[in-house]
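Report on the following structure.
Labels run A, B, C, D, E and F following the written order; every chain starts at residue 1.
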Amino acid sequence: MQQVNWQLDGIVTQLRATREQWRAQNGREREKGCRELPSRHRIRETLELLSGAIFPMRLGPSDLRKESEDFYVGHTLDRALNALHEEVLLELRYMARLNGDKTSEHQAAATQIIQRFADDLPSLRQRLDGDVMAAYYGDPAARSVDEVLLCYPGVHAVIYHRIAHYFYQVGAGLVARIIAELAHSDTGIDIHPGAQIGEGFFIDHGTGVVIGETAIIGNRVRLYQAVTLGAKRFPADEKGHLEKGLPRHPIVEDDVVIYAGATILGRITVGQGSVIGGNVWLTCSVPAKSNITQANIQSGPCP
Amino acid sequence: MQQVNWQLDGIVTQLRATREQWRAQNGREREKGCRELPSRHRIRETLELLSGAIFPMRLGPSDLRKESEDFYVGHTLDRALNALHEEVLLELRYMARLNGDKTSEHQAAATQIIQRFADDLPSLRQRLDGDVMAAYYGDPAARSVDEVLLCYPGVHAVIYHRIAHYFYQVGAGLVARIIAELAHSDTGIDIHPGAQIGEGFFIDHGTGVVIGETAIIGNRVRLYQAVTLGAKRFPADEKGHLEKGLPRHPIVEDDVVIYAGATILGRITVGQGSVIGGNVWLTCSVPAKSNITQANIQSGPCP
Amino acid sequence: MQQVNWQLDGIVTQLRATREQWRAQNGREREKGCRELPSRHRIRETLELLSGAIFPMRLGPSDLRKESEDFYVGHTLDRALNALHEEVLLELRYMARLNGDKTSEHQAAATQIIQRFADDLPSLRQRLDGDVMAAYYGDPAARSVDEVLLCYPGVHAVIYHRIAHYFYQVGAGLVARIIAELAHSDTGIDIHPGAQIGEGFFIDHGTGVVIGETAIIGNRVRLYQAVTLGAKRFPADEKGHLEKGLPRHPIVEDDVVIYAGATILGRITVGQGSVIGGNVWLTCSVPAKSNITQANIQSGPCP
Amino acid sequence: MQQVNWQLDGIVTQLRATREQWRAQNGREREKGCRELPSRHRIRETLELLSGAIFPMRLGPSDLRKESEDFYVGHTLDRALNALHEEVLLELRYMARLNGDKTSEHQAAATQIIQRFADDLPSLRQRLDGDVMAAYYGDPAARSVDEVLLCYPGVHAVIYHRIAHYFYQVGAGLVARIIAELAHSDTGIDIHPGAQIGEGFFIDHGTGVVIGETAIIGNRVRLYQAVTLGAKRFPADEKGHLEKGLPRHPIVEDDVVIYAGATILGRITVGQGSVIGGNVWLTCSVPAKSNITQANIQSGPCP
Amino acid sequence: MQQVNWQLDGIVTQLRATREQWRAQNGREREKGCRELPSRHRIRETLELLSGAIFPMRLGPSDLRKESEDFYVGHTLDRALNALHEEVLLELRYMARLNGDKTSEHQAAATQIIQRFADDLPSLRQRLDGDVMAAYYGDPAARSVDEVLLCYPGVHAVIYHRIAHYFYQVGAGLVARIIAELAHSDTGIDIHPGAQIGEGFFIDHGTGVVIGETAIIGNRVRLYQAVTLGAKRFPADEKGHLEKGLPRHPIVEDDVVIYAGATILGRITVGQGSVIGGNVWLTCSVPAKSNITQANIQSGPCP
Amino acid sequence: MQQVNWQLDGIVTQLRATREQWRAQNGREREKGCRELPSRHRIRETLELLSGAIFPMRLGPSDLRKESEDFYVGHTLDRALNALHEEVLLELRYMARLNGDKTSEHQAAATQIIQRFADDLPSLRQRLDGDVMAAYYGDPAARSVDEVLLCYPGVHAVIYHRIAHYFYQVGAGLVARIIAELAHSDTGIDIHPGAQIGEGFFIDHGTGVVIGETAIIGNRVRLYQAVTLGAKRFPADEKGHLEKGLPRHPIVEDDVVIYAGATILGRITVGQGSVIGGNVWLTCSVPAKSNITQANIQSGPCP
């Protein structure tokens, strides 16, 4: 045990000065109150509860018995929904404060957001069943749907994305982003919660995949590791800061397969049924049923 | 605390209906019983115990003393082996149920699997010592073998892979896959448990590495980040589903070095002592002592 | 519960023999004593404490109140500094033992290392504020500085790197490396603690980024996922082992942007204000304000 | 950290010799297998689950909401019943081994015991409601039934006793005793699980109360701290060991009040409606409506 | 794992029916909402925080350093005060609901209660220092004031009582009672939070001590185990229920010593400086400096 | 979450002033350093480890298997001995500081204390086996030796006492006292660690038993609940403080039985084979084979 003193008083005082300076610069002075941001730690716990409630006999507790499945689902959902309600409420209040918005309908708004989320859970489960099936059929190494659900990072990322996307759509972008980054940290798959993704979506291996905020992906699309659906350019404003919010990521139509390492940039369209080969660098639209490889892309298709 | 009701009864009922529909479609109806799948959470705990038992003074508890090393190893092994026995038993029973297999020799089979695993532990430790040495000599930034064992994701991934591969070989593929995906999540290195890997194997940095199920890797091979040893094509059956189980990944012979981002696809052979440069895209076999770079691959060697 | 015996006595004896053989080969025989290496687990806990102390209202406990901010910061710093002191002391003693160094000024040396670290914390916070701002302005999808700090893996990696780099500089390279690998595991971003990084640094998405030990990065640099700042060649000594310690990674000057998947190798210089396009493979220096793309690199600039 | 060795090998060897000697003397030699006794720790957790399932909004989790009450009760009961089933099964097998009983109907017997317990839970809850009411009316300091249920050690002891008594009756005496001793440790109230206790029972303060195995207590009885309902004599067998199993504790009829420190010994009867004063020492039966005090007992009633 | 079903649906339904019946009888029907009572578990955690904040270097965390004492105290107090605020608020709302009180000033009332408690902490610490000294001087076996503070159940009980009594006085009787029962369970010492206790109070050994709600104890009083300061009679109302709230316990003046097992009942006064011998049964007042033993009490003093 | 401020700065400042005042009065001023007292929490954990190491298949972990018994015992002992070593060292240093003792042989002294304790463990186990047997034969309700070891508070208290007494004897009185008070809190049995207790000792029920520091108890003694072996008088010194350290508690010879509630005070001797009845108040010696009851003590034996 250390016997010297670190002169903490001085360090604490200087750290406070540094914080106050930052807060003054960013208009964040406050006299009192408590932390006002959603919590990554609590959202992680909640997503684990939700996963268990959606797939009880596979992602639920290992001692769950068939007989008490509904009891478990009901009790777990209640805990998860209330926890999400609290996080969404924190975000709504925080955004209002940032925007100088003085109205206070946040409680009702948060309740409505969570109620709709709850009501959609059965159809969410159905959509996720479709994703699991796509993974099972899409990977020659998969031996059962259960292996896919338990093990595949691509499936884990899609479960989290479909939940995150809901919260993105209803205006809880920070909660959505935290959910997305939890999956990113677990899997190396980085799907912005704004991305719109159709049915039967599968990412194999997955590490290094990046899917941007305004990407639109059709049904039955399959991606491999290190695929980027990114932005081509980042226009800057007068101050040199990048502009926010424009549609800038690809549209990938139904039944497309994109092999590992392919990079697809800009608001272009990959036509229905196309196959994009490994490591392909694509910055212009391609028509339906295109088969793009490193070899044939040299001579086109992009100017 | 939320004062509204979420109408949970209805949601729980619909979720059950969704589950029952899925189960009916997949032949999974059951009246009773409990969760029957291995548990990712328990397998993680067990692998941490095993790592400690294999490298007690470096991966064991931080207060371990030399004097009680054997006591710790023995007690920890017992816990780990029994835990693994339970998970393997769960998998054998689960597979039998899926396959309609009515025999019930699972208990004895699981015991035999674990006993052999236990008996092999000393030689496993020796093989891992070789991997650690390969990492130490293979990275100019490494300053001690202990730094390598404590810190290097590539070493972590190889420890887990050698354990996972054993379980893959003896027919506990789900347990094996869970072990592999734990390492994948920790390190971004995705080695299918089926891959056969020789002695003195080292992966540096590692994020984005993918090694497929039927890959065969010789002795003293060194890989860098984002290397793919993958399949070239995925033949589909009549229904459009991918065929499972064929040899489809590369054979990498002894003393090969493969630099970052290289992609090697298909059942080809990289000859002994070859060096594959960064970002190289290789889809045909190369003879021993080849030196393949992006520059020289343009004009060959693959048609 | 398993009713067979695993014959643990024999396995434990053989494992000991294996360990003793390894220790004899590596000069590590000891009669007594305890584990002598820093602990990844304890360092993780400590870094979480430190992050909370540096950004209390955003990365601190979710129930922290403004009124007790300084109390929390002071108490948390004390815990974190003492914990770091213990880990650094373990490393200094361990290195001395490895080197046969008999002096015993480790306690004082460790204290001095931690005191300087503590004194630098306010300026560390300022530098990190600059990194957060760089992330906010650098990503069109970012909606607030708080979102950036809570969610962005690139910001997380930079916080950990700036701490790791300090310990690297003062000779606690193992502690430094453990901190770096914690961030690597969380984010897929692999920054060697030796890398020197200027102000306002931002990595977007981040998975697959590798920055080598001797890299030097200027101010206001922005990287995207899968960028490598690596070594070109690894000269081997007479025994075939790689030589350690030489400057071998790029110098990236101020205001450079490097897009996803670019690979920059060797002790070359990327001139001030340059833009390196996605997937570019660069092995020679480029002057200030260069704009390098896959297209224009074909015809140069590197021979 | 300690640098000497404790010579553990020798101590461990001697401890084993001591255990083996004890086991040989007690006929407990075994070659293999695992712990075979119920676990105090697991039973404590289970009783806390059960208490929550019986009084969900008062002893259940503090964030329980009315809407999910039944879900919580069902899921919690399932966990508690299965855990109790396992403990009872351990006890039945252990008793059979002690008794040299080779039959193996333990699984079915344990199931039957737990099923009956489960079926009786609603009537158990009603009986406990009566006990809570008795406490509320019996203590002038009580301000609500909820205070009584949350705070009163006497109520806690009665909840545990009514559960323990069930297990005592059906032959799981060790599980029963563990439950009783958990309450004893929490409250200082020592009720043997064999004691038969009527409705509306209340113990105020409670520390030091002892109620023996064969005691019989009527309805609406009230006790205060340090009351003993004990045995008068302990007849010894020829070896000087005490004889086991005889009725040897008092019968207390309906509506009796026994004040603090009273000692009532032997198989005597305290008649209906009697009041036994503080510190009274009573070793003979008293008729209905007796009012016994230290003063009037001097001159009788016992010879 | 159990393979039978417990028929949980039926049991859950019946348990609900039982609860609803009880709620109807007690006027507790509610459609929604959550648990509304203070939590024993949370109050236990909070009292441990408070004890640490009051005696930081002795009851605080074992790694606390002098330098960060104030930081620890401030941060811990903040957590404890906010937690107590929440519990008190729960109680105020609960009492209002029970009483049909529709006003809603509970938030402000709870804040005022906690603010006053916080302001009184320094003087509480001084009073507790006096109690510790009384224990040190009062027990010939005590070897240091620190041993007394760390080990003595009597000191633990007094710390908790002085806190509980504050909450009793300000109308948070349920919070107060929970605090008192926590100490009762830990120590076997049962002090009703209503009891008024002067300075320098010491209870040795303590098990079985009972001090009633309306007892008044002067300065420098010393008690031993199993002492009762109780009520003599419990007058019942017309329905036979005991009347609540009357002064009914003894007044013990300054400098009195009461030896083990003494029972003192009713609103009587034990005069200043008296000594009450072990096992004495006292039901009438005695003048100052009385020396009452079992021997001399036979011939008086009580009629 | 609370929105007001508690004015913590002022409260923290006043609490520091109060502490400094106390420290000045008690000669405890220090500029730096850390907590220097043994920790109740750590000692509790250690005693649980020790109990498991002494009775592995009954008080050890519930999944312990026979095969790894010795491994468990060895590893657990090592943890427990090192932990005890640390606590004893803290106490020796603390006592030296209190006494102004400047020598620094504490490390060696603590090592010697623990080594002797370790060497005595096998004979401690044998003595405890004798206590367990005494309990089994001494209670007509006991059905197996295992029930006695798992459930009986009297056995728990004796295990802890025999360990505490060792530390008392070797000068670690604070560690000893903490161990004793842990058992006191668990069982309501208060045995001062100084008490000397012979073989085959049994306390039934136990709540309220008090055994003083200088009591001496022979072999095969049996006590019941609420028995006191206490001091008769507490001589005070000139300042009115009680004198410390004199022999002042009873000597109880072999084969004595003392029934519930008996109070035996002063340095008197209860002769071999005597029986002391319930509630007897005894303050003078009685010869061997006495049979003392409340009835026959009236007319003697004490004057």
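Assume contacts are C-beta pairs under 8 Å (C-beta built on N, C-alpha and C of every residue); 3 or more make two chains touch, one makes a residue touch a chain.
Just so you know, these numbers come straight off a predicted model, no measurement behind them.
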Topological distance between chain A and chain C, in contact steps: 1
Steps needed, at fewest, to go from chain B to chain C via touching chains: 1
Homomeric contact chain D-chain E: same or different residue positions, threshold half: different
More contacts between chains, E-F or A-E: E-F
Chain separated most widely from chain B, comparing mean CA positions: E
Euclidean distance of C-alpha centroids - chain A vs chain F, Å: 58
Inter-chain centre distance, chain A versus chain B - centres from mean C-alpha coordinates, in Å: 26
Approximate Å spacing (C-alpha centroids) for the pair chain B, chain D: 51
Chain B, residues touching no fewer than two other chains: 1-2, 4-6, 8, 12, 31-34, 63, 65, 67-68, 70-71, 73-74, 77-78, 82, 188, 207-208, 226, 261
Chain E residues within the chain D interface of the complex: 1-2, 4, 6-9, 11-12, 14-19, 22, 26, 30-42, 94, 98, 173-174, 177-178, 180-181, 184-185, 188, 190, 192, 194, 207-208, 210, 212-213, 226, 228, 230-231, 234, 240-246, 248, 261, 263, 265, 279, 281
Chain B-facing residues of chain F, complex: 63, 65, 67-68, 70-79, 82
For the chain C and chain A complex, residues of the former touching the latter: 53-54, 56-58, 60-67, 69-70, 73-74, 77-78, 81-82, 85, 111, 114-115, 118-119, 121-122, 125-126, 129, 137-147, 150-153, 186-188, 205-208, 225-226, 260-261, 278-279, 294
Chain F residues touching chain C - in the complex, by the definition given at the top: 1-2, 5-6, 8, 12, 63, 65-68, 71
